[in-house]
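Presented sequentially are two complexes of chain A, the first with chain B as partner and the second with chain C.
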Partner chain A sequence: MDHSGISVLFEGTNFTRLLGGLWVTVKIAGVALILGLILGIVLGVLRTFKNRLLRLILRLYLEFFRIVPTVVLLFLFYYILPKQLNFNLPADQIATLVFALWVGAEMSDIVRGALISVPKHQRESGLAIGLNRYQLYRYVLIPQAITLEIPATINLATRVIKTTSLLMLISVMDVINIGQQIIEANNHTHPTGVFWVYGLIFLFYFLIDYPLSWWAKRLEKRRLERTNG
Partner chain B sequence: MTSWGIIQQSLPMFEKGFVLTLWLSFIGIIGSILVGLICSLLQYFKVPIFHQIATVYVEISRNTPLLIQLFFLYYAFPVIGIKFSAQLCGIIGLIFLGGSYMAEGFTGGFNGVSKGQLESGKAIGLSRWQLARYVVFPQGFSLSVPAMAANVIFLIKETSIFTVIAIPELTNTALDLIGMYYRSNEYLFVLVVAYAIILIPLSAILTLLEKRVRYGSFGN
Partner chain C sequence: MADQILQVEHLEKYYQKRHVLYDINFSVAKGEVVTLLGPSGSGKSTLIRCLNGLEPYQKGTITFEDQQVDPTEKNWQQIRQKIGMVFQSYDLFPNLTVIDNIMLGPTKVQKQSADAARAEAIQLLQRVGLEDYADAYPRMLSGGQKQRIAIVRALALHPDFMLFDEVTASLDPEMVRGVLNIIKDLAETDNMTMIVVTHEMNFAQEIADRVLFLENGKILEQTPSKQFFAKPQTDRAQEFLDSMDF
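Entry: the complex of A and B
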């Protein structure tokens, strides 16, 4: 195998360009996660309320985002927002919006699951000492739910980061798109460059996701050990 | 032409994509379950060397996106002389990804068997193999069904990424049609409906299955 292909990575500004693309990827994932977490917590709390219609609507919202693959979601927003609603956003903002709504949907289910698994006597004790509904959620249920939901939330974050690989499909200048440009520009001089560029991007994703999933696993294991005694 | 006409005209093409999506998902899921099972068994029995290989494989596969795995298979492997057709790349990629998810699911199931069960098994003098065969596996598999069901849905949705290496499955069909005729609303509508036709009944069936299995393990 021709080893000179690796030099493609360090020629000119190639490496910094790839890092720049990675930053775009991380930024979109980060903003979408923060917005999605906030949205998801609100929706998750609403889903524990008794109002049937509200619960049905939120359930449909969740199921829609669960059933439609993310690639399709991206294209739905990419084509339909500007055309039908005359709502023009740059591709990276559309991607952030789609990811935030998706995270919000998944997160609402995580939060709901955590809230209903807080032991019943906690809720009842809260009510017994005269807390109103806001206080009950703010001081009793949400703090306990959050510790339950952290591993699932970290796992969701790793999924979001992996899914940002789809950004190139709606022509966001993310790390993969820039990688492709570099491969094409150097195809004649370095035919094996493709191996190294995709290899490096592969490594980038692994280096971001592996520590996160390791952390989630460790937290989950500790929690199981605590509950099993 | 009316929207309905556009949709009707495109249906034969979507039908082909639909069948291909189902077929590739089916092979990918079966393959993933096999790979996952092998890996989780290697890890469970701590087979020397192989269990480390399985662990490295699971971590690499779980922590990288399918899209890059596919690009690697399809564009980078030919450089070192390994060439597959697009569809074969898709299947290999899906099994590479799915195998680790399934392995995690099974491992989670095996680990979820309660300590009391293991200790009771040891107390009545079961060997390591008997303990696995009669105590851990039967309970572990039923515990891993929810994870497996979630993975099945996940893997079917992941086939939409095959569009990047131009496999004419559902998503690729829709994007091709949009590229040719610019009727994005109609084609995206059909696309969403097509996924709903596959996934809604399937997830209902899987939920039922989960309930039955749970009844089997805890309903005594």
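Entry: the complex of A and C
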């Protein structure tokens, strides 16, 4: 073995291709998180309203995305629905859509939980100064809910980023898919390349997710200190 | 009747099946200070909360400034700008600074300009001796300071009528007087109309024009303050005063 496995990472354009794949991963996760966050806040607010039918529908939506595994969702949206409903979107957009809907579902639960844990007196003193429902949510309830929900939201983001590893199953050119291609192309010349490529991918994921979960822990700790002290 | 600001007629309130207010009738004249006294659980908070629409009532009418209230949420939202309410718990918005707490109603609900609202908020803070705390967050303040600011927040909307529900009940004893003095000053200087629920009998006696005595959801008597504290009309009220160590 005259070629050391690590060199596979730097041969030709391999490294930039892997970075390109990482960018696809990050972009899908990022856009899905932003869209999902907005969707989740809207749905979470709606789930605190009194209308039973609305609450039931949104509850079913949440349970659907919670119970059905993400792989199945991806297949459903990529292979099955387009045929049935006759629409065609590129794989990365399908992936963004599925992830956004999933994030929206999970966020709606986080937002609802945070909103109903804002003390009842806050709502009443908001009403007492004449705020209407929109103003009450906008200036009093949502800002307080957000500080409660930030750690859970960051944790959701780390889960989303990890789950992007499923994207290769619908042939999105994400970092794992590209890594796989590089491994296969260099299998003869660099049999140990697989460890290096996956090692690098591991490092990528770690570098993104670890700071996020560290941040979530720190915020949660600070919040607890503040409420206790 | 022109000087009546509030009239309550035949008001009945249930929490689900539970009947908590029975045939409540009373009125409040402009500039009058009414204290609402009664044992714990008699329905004082429930009654005062019905008066600004925080609790729905099942029967009867409330007439505010000569308009019978049509109890929809939208109507109450309009009326609440004219009825200030301060609660027992310190309920400033923790996400906003003191000045933003005070300015929220005037700027968002009444669409005053930020400059005008700020100028008035500062003035009100000066009145309660807390102008140095304008940019502080509520968590940095003592209970007494928070409660004074909660009063200022209500006043910033220029209410015609104020409701106070045991605003000193969760304060440390040394904080109580400062808050009560503000309420007293409002009554004396501004001639503010108000209903005050309190356990502070000395204060009630100082401030009240009239006492409503409530027990088990019924108004047992409405008596001018001097007379009530000298000799109430009912034995139950006398027992209540005795039990308050007064």
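Here, the second predicted complex is superposed on the first by the 226 of 229 C-alpha atoms of A that agree within 3 Å, B and C clash if a C-alpha of one lies under 4 Å from a C-alpha of the other, contacts with A are read in each partner's own complex, and residues count from 1 in each chain.
Simple rule for what comes next: a residue touches a chain if its C-beta (ideal position, glycine included) is under 8 Å from a C-beta of that chain, and two chains touch if they have at least 3 such contacts.
Given the structure is predicted, the values throughout are model-derived calculations rather than measurements.
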Message: Looking at A:122 after the superposition, I want to know if it touches chain B, chain C, both of them or none. Which is it: first, second, both, neither?
response: second
Message: I want to verify the contact counts: of chain B and chain C, which reaches more residues of chain A?
response: B
Message: For A:210, using the defined touch cut-off, is the partner it touches chain B, chain C, both, or neither? Pick first, second, both or neither.
response: first
- request: Scan A:147 for contacts with chain B and chain C and give back first, second, both or neither.
  value: second
Touched partner set for A:139, first chain B, second chain C, both or neither: second
Message: For A:84, using the defined touch cut-off, is the partner it touches chain B, chain C, both, or neither? Pick first, second, both or neither.
response: first
Message: By the touch definition at the top of the document, which applies to A:48: first (chain B), second (chain C), both, or neither?
response: neither
- prompt: How about chain A: which of its residues touch chain B in the complex?
  reply: 1, 5, 66-72, 75-76, 79-80, 83-84, 158, 162-166, 168-169, 176, 183, 191-192, 194-195, 198-199, 201-202, 205-206, 209-210, 213, 228
- prompt: Which bits of chain C are touching chain A when the two form their complex?
  reply: 52-54, 73, 77-78, 80-81, 84-85, 87, 89, 91-96, 104-105, 108-110, 139, 150, 153-154, 157
- request: In the complex, go through chain B and note every residue touching chain A.
  value: 59-60, 62-69, 71-72, 75-76, 79-80, 114-115, 153, 157-158, 160-161, 163-164, 171, 174-175, 178, 184-185, 188, 191-192, 195-196, 199-200, 203
- prompt: chain C touches which residues of chain A in the complex?
  reply: 119, 121-122, 124-133, 135, 139-140, 143-144, 147, 226
